[in-house]
């Protein structure tokens, strides 16, 4: 049993980490911090976990990096960007494994960070050491990482379906359009009027058009896969569900198919590409037949559903993905990375 | 055309008043105030009203009683309790008709006010002059009122079905149990974590058990009708809909019926009682046959649906009502009272 | 007062037509038909309309074209495709003005109809006489029409934002990608398991990928505007709201802008284009500043909200629209056409 | 590993049984039946379970009692009342343990069954052998049962909070009023217009007033506990959430308390009563402090939350409970009973 702590455990990602770690077979949750909840037990802050005996004894504390480094071998940071770095620096120096769910260490370029987050990177020297925590891509590097930068929810839903196609050169890198629909938990547990029930219920709306911050990590990863700078189009929308991201991708194949036979042949390449990349991945479900992704089939799980269609009328490739933004898009993926770092079975505590 | 103003127009009741008054055939909306929205047009604050020409010229201002008294003949107060009185005093002194949607002038007793609202009444001398704005009961008094205290949303849903039965002595006054289910707009447009989408969606919960503030005005009105002090049981619940209150009332008939014939005879008395009270009321819909109230049939309207059932197994009378908490439970009823005070057709601007 | 009838009045579009026509200042609703509801009053089938006196006397009947032709001057058909034509033929022959909400007369080409609807067109000779009921485009032709083919909900949300740009040659016709999000009422009031509450709530999903039937009328209209055959990409998604369509369009401008100044100049052309097309349209709201469309701002109204953004990073133009799929996307637009045909003010009964 | 089968596995309770049994540590799911899904794999019918390897090999079959008796040691019946008995008879005769989720064997009286279900009981001789599957009450009897009649969702939410009070004679048996709010899954996966998304969303409504079928088993169990015939008041309401029942109970204490001290003393008796009954129960969570039940804290779990308040103003006791209607109200409780019958740890597969 490894000892783990969660810093910033009162938000939606933090709450999900609490759930996953309370039930993890190889981890003991030894500390949870939250300025606003300090002093209360986990059961008091999250009544839904009150049936777990530990929830009635474990109390939230004020965050304190020095203390955490003594208590825990693994520390999850579920903090706003900018703040996460303040903990990552001392904790990694003290030898803790840090799994950071913020955006602070996802980019390799401190300049791009500044462009998108509008302040200097707080710890640029750590950018080289951090590993982007997308296990399906960086499993090997995660294994030896001391600092894992767990990907954003939108990036996960966009990168997993596109990276294999880009690496196989089946799509034009600069054709990518990603249209994403997110549940309201993506906005966090912030008391802002925009996210009140009556403002979101019976409402569908785009936001952050055209330059959302997640573009920075999406494009950096796509560029690595394409071996060239990639710029994409991305539009997020807010949808009245608690959880789930549905992403629809519009892609230009690198081949033009004159007839049905050519299209079918290209379709087989796509199938082979996805099968090669993901057939044995425990958390990627490639849909076949007439099935299309539906967030209700993945909510509460660490699974991403992916389906694709070639459109013979337009020559475009449509790829759709569904994930739980708080699990595979945040806390579940973070635990998956921890499992890899610690040598646990990768699915431990996630099924 | 009478000139009207709304003080506190940026909340849900205020917004609904804006909608109703922008489209009212006999009223010109001349001023809307809100500290947080001052300087913006109605169209900017409420994009949904932007197609109304006036919305693009009318700007929110800081509230100022002196100025309002010069601009408007009728002033609606959509303010928190305690604050409303600060405007009601100077405005009524200046000769304005004041329609107050807060709890400040609903009670006749300043002592009961203090018991339930935990501060001294800010203007006890005005309590005698105010009229409780339930038109189906106080139409005559509203006609001559300078200060109308528009009822709360729960009280409206409870009083309309019970008052005729009490006055006809068909039910035992101290038997009343009211179980109410309210949409989230009832909590107002407050940026509090409890009312975030993800905290309310997929959640059903009671609150304020057992002593909700609305009990004070409910019991005062019931006591007037019964001619004796009435104490009731009331449990509000929060339900994930934007609007609507569904109230189920458990009542003890004053007669016990030994058999079906006796029950049928008593049922005829109830029918006669409701018909006598409400058959010609434009905003009360007595359901017949198998129909039961459903909030979706009243949302967006000033109508209250009422149905009842006698239970031969228990001898109890079950009465159910449905209303839109923001219309008949707040702003629509306030406009209905204004129509009466001003001598407009009572349904003007409400259908 | 003109006499109007609704055939197929028990579905969602039919219900909304009932609402609009019961309250229309220049129309008397004289007949509503529905096989399943025949014999019941409007108030019984739609309790929410029960406060309208007419709802308690007007009864649903079995549909009978001959009888309808005697009763009504205007007949709305809210029927499935294929069935609508069976009524349109005799009713137009009898001299009635027919406003058809089905897909039967929206296309000029019977071949395209067969390709998309998989059966021969039931009355190809009427295709020449029908007018596509998009008032902002065909107002003049609607004026003299005897048969108006009211557009589909998705086509309305896609055509209104794109047609002016196409006509002004500001976008590449074959670049159009339309990503649409629809409320569940778009599926109609059909008792199918896919549309049960528990199957739609907490679910977000694409469907009909890549060849939805509405493509036929969208592409025909786009082709007319472009003066050449246009093929587009279209992906509909089902979202857990009752009403509303949010469409996000990805478009390639015909100009490439090397710098911010060039982009700003092109932006001014777009503004001028939309202003020229829609500045005086009563039901189109061009958003400015930071505002983006939100279905909650248009639900219950006949308004379409439109906003656009040029993305300097990708060179693309993003246009977003929001409408109520049952009002501007169906019944409201049908009433708007009726107003034009009958010489009523175009906004009569719609605000 | 015991072999288990589910008859009628395509409804909501059946689906939840599939989920629970696929993941149960001591059970192998060997057969699932459904007329409409016969031939398809579990993964095809329920894509959300597709990551479980077994879901891709296990196929739905037509239900056949003889065959099931050979395949499985334990058979769950998730069938409509009346139909369940057709399988229970041959399966129990063949020596299978039958856990029936229908109403067929919940009553001891065939006459009461006929009164409430309006047909003769199909297998009255089995009524004597069946055990009411409420483990917190009948754990000992369930241990030796061959036929467990798993309780209804409303009965579970009403009986668990009331039975200890009745047995301790703390409440008047004939005072009980139960007001229940249920998510839409309670209506089953039936393609009926009443349960379409647009008919339930933004709607709150009572139904089945005043004589719901579940009254029969509720009153039979209450009568056993009270040692006398008990008749109660029960009103179910439909609420737009997928899952969850919130029940508010209005009860008359057997003691009247003249002052606060007397009330406090009585409150201690209630606390002691609940603690005595449930302190060690793994699936009952007695709330303390200011906490009130909320369905979102129990959805997806087998837990019932219970809180109570004495109202000094009325002398009444208000008790509130929350459960997941499909888990503790159906499939989870059925698995809990199976665990007891089979000698597994009672919480196996349920946490």
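Letters A, B, C and D mark the chains in the order given here, with residues in each chain numbered from 1 onward.
One rule holds for everything that comes next: a residue touches a chain if its C-beta (ideal position, glycine included) is under 8 Å from a C-beta of that chain, and two chains touch if they have at least 3 such contacts.
Predicted model, so just to flag it, every value in this text is computed and none were measured.
Enquirer: By that same contact rule, can you tell me which chains touch subunit A and subunit B alike?
Expert: Joint contacts, listed by label: C, D.
Enquirer: State the pair with the higher C-beta contact count; candidates are B-D and B-C.
Expert: B-D
Enquirer: Which chain's mean C-alpha position is the greatest distance from subunit A's?
Expert: B
Enquirer: Let me have the rounded angstrom distance from the C-alpha centre of subunit C over to the C-alpha centre of subunit D, please.
Expert: One centre to the other, that is 46 Å.
Enquirer: From the C-alpha centre of subunit B to that of subunit D, how far is it in Å?
Expert: Their C-alpha centroids are separated by 38 Å.
Enquirer: If you average the CA atoms of subunit B and of subunit C, how far apart do the two points sit, in angstrom?
Expert: Measuring from centre to centre gives 37 Å for this pair.
Enquirer: What parts of subunit C, by residue number, touch at least two of the other chains?
Expert: Within subunit C, residues 183, 199, 201-202, 240-242, 294, 296 contact more than one other chain.
Enquirer: Going by the contact rule at the top, pick out the subunit B residues touching subunit A in the complex.
Expert: Contacts found on subunit B: 12, 183-185, 189-193, 195-202, 240-242.
Enquirer: Can you tell me which positions in subunit D touch subunit B when the two form their complex?
Expert: That would be residues 177, 179, 181, 183, 199, 201-207, 209-211, 231-233, 235, 237, 239-244, 246, 248, 250, 292-296, 299, 309, 311, 313-314, 316, 318, 320, 322 of subunit D.
Enquirer: For subunit A, which residues are in contact with subunit D within the complex?
Expert: Those in contact with subunit D are residues 47-48, 50-51, 202, 282-283, 285, 287, 291, 294, 296-298, 300-301, 303, 305, 351.
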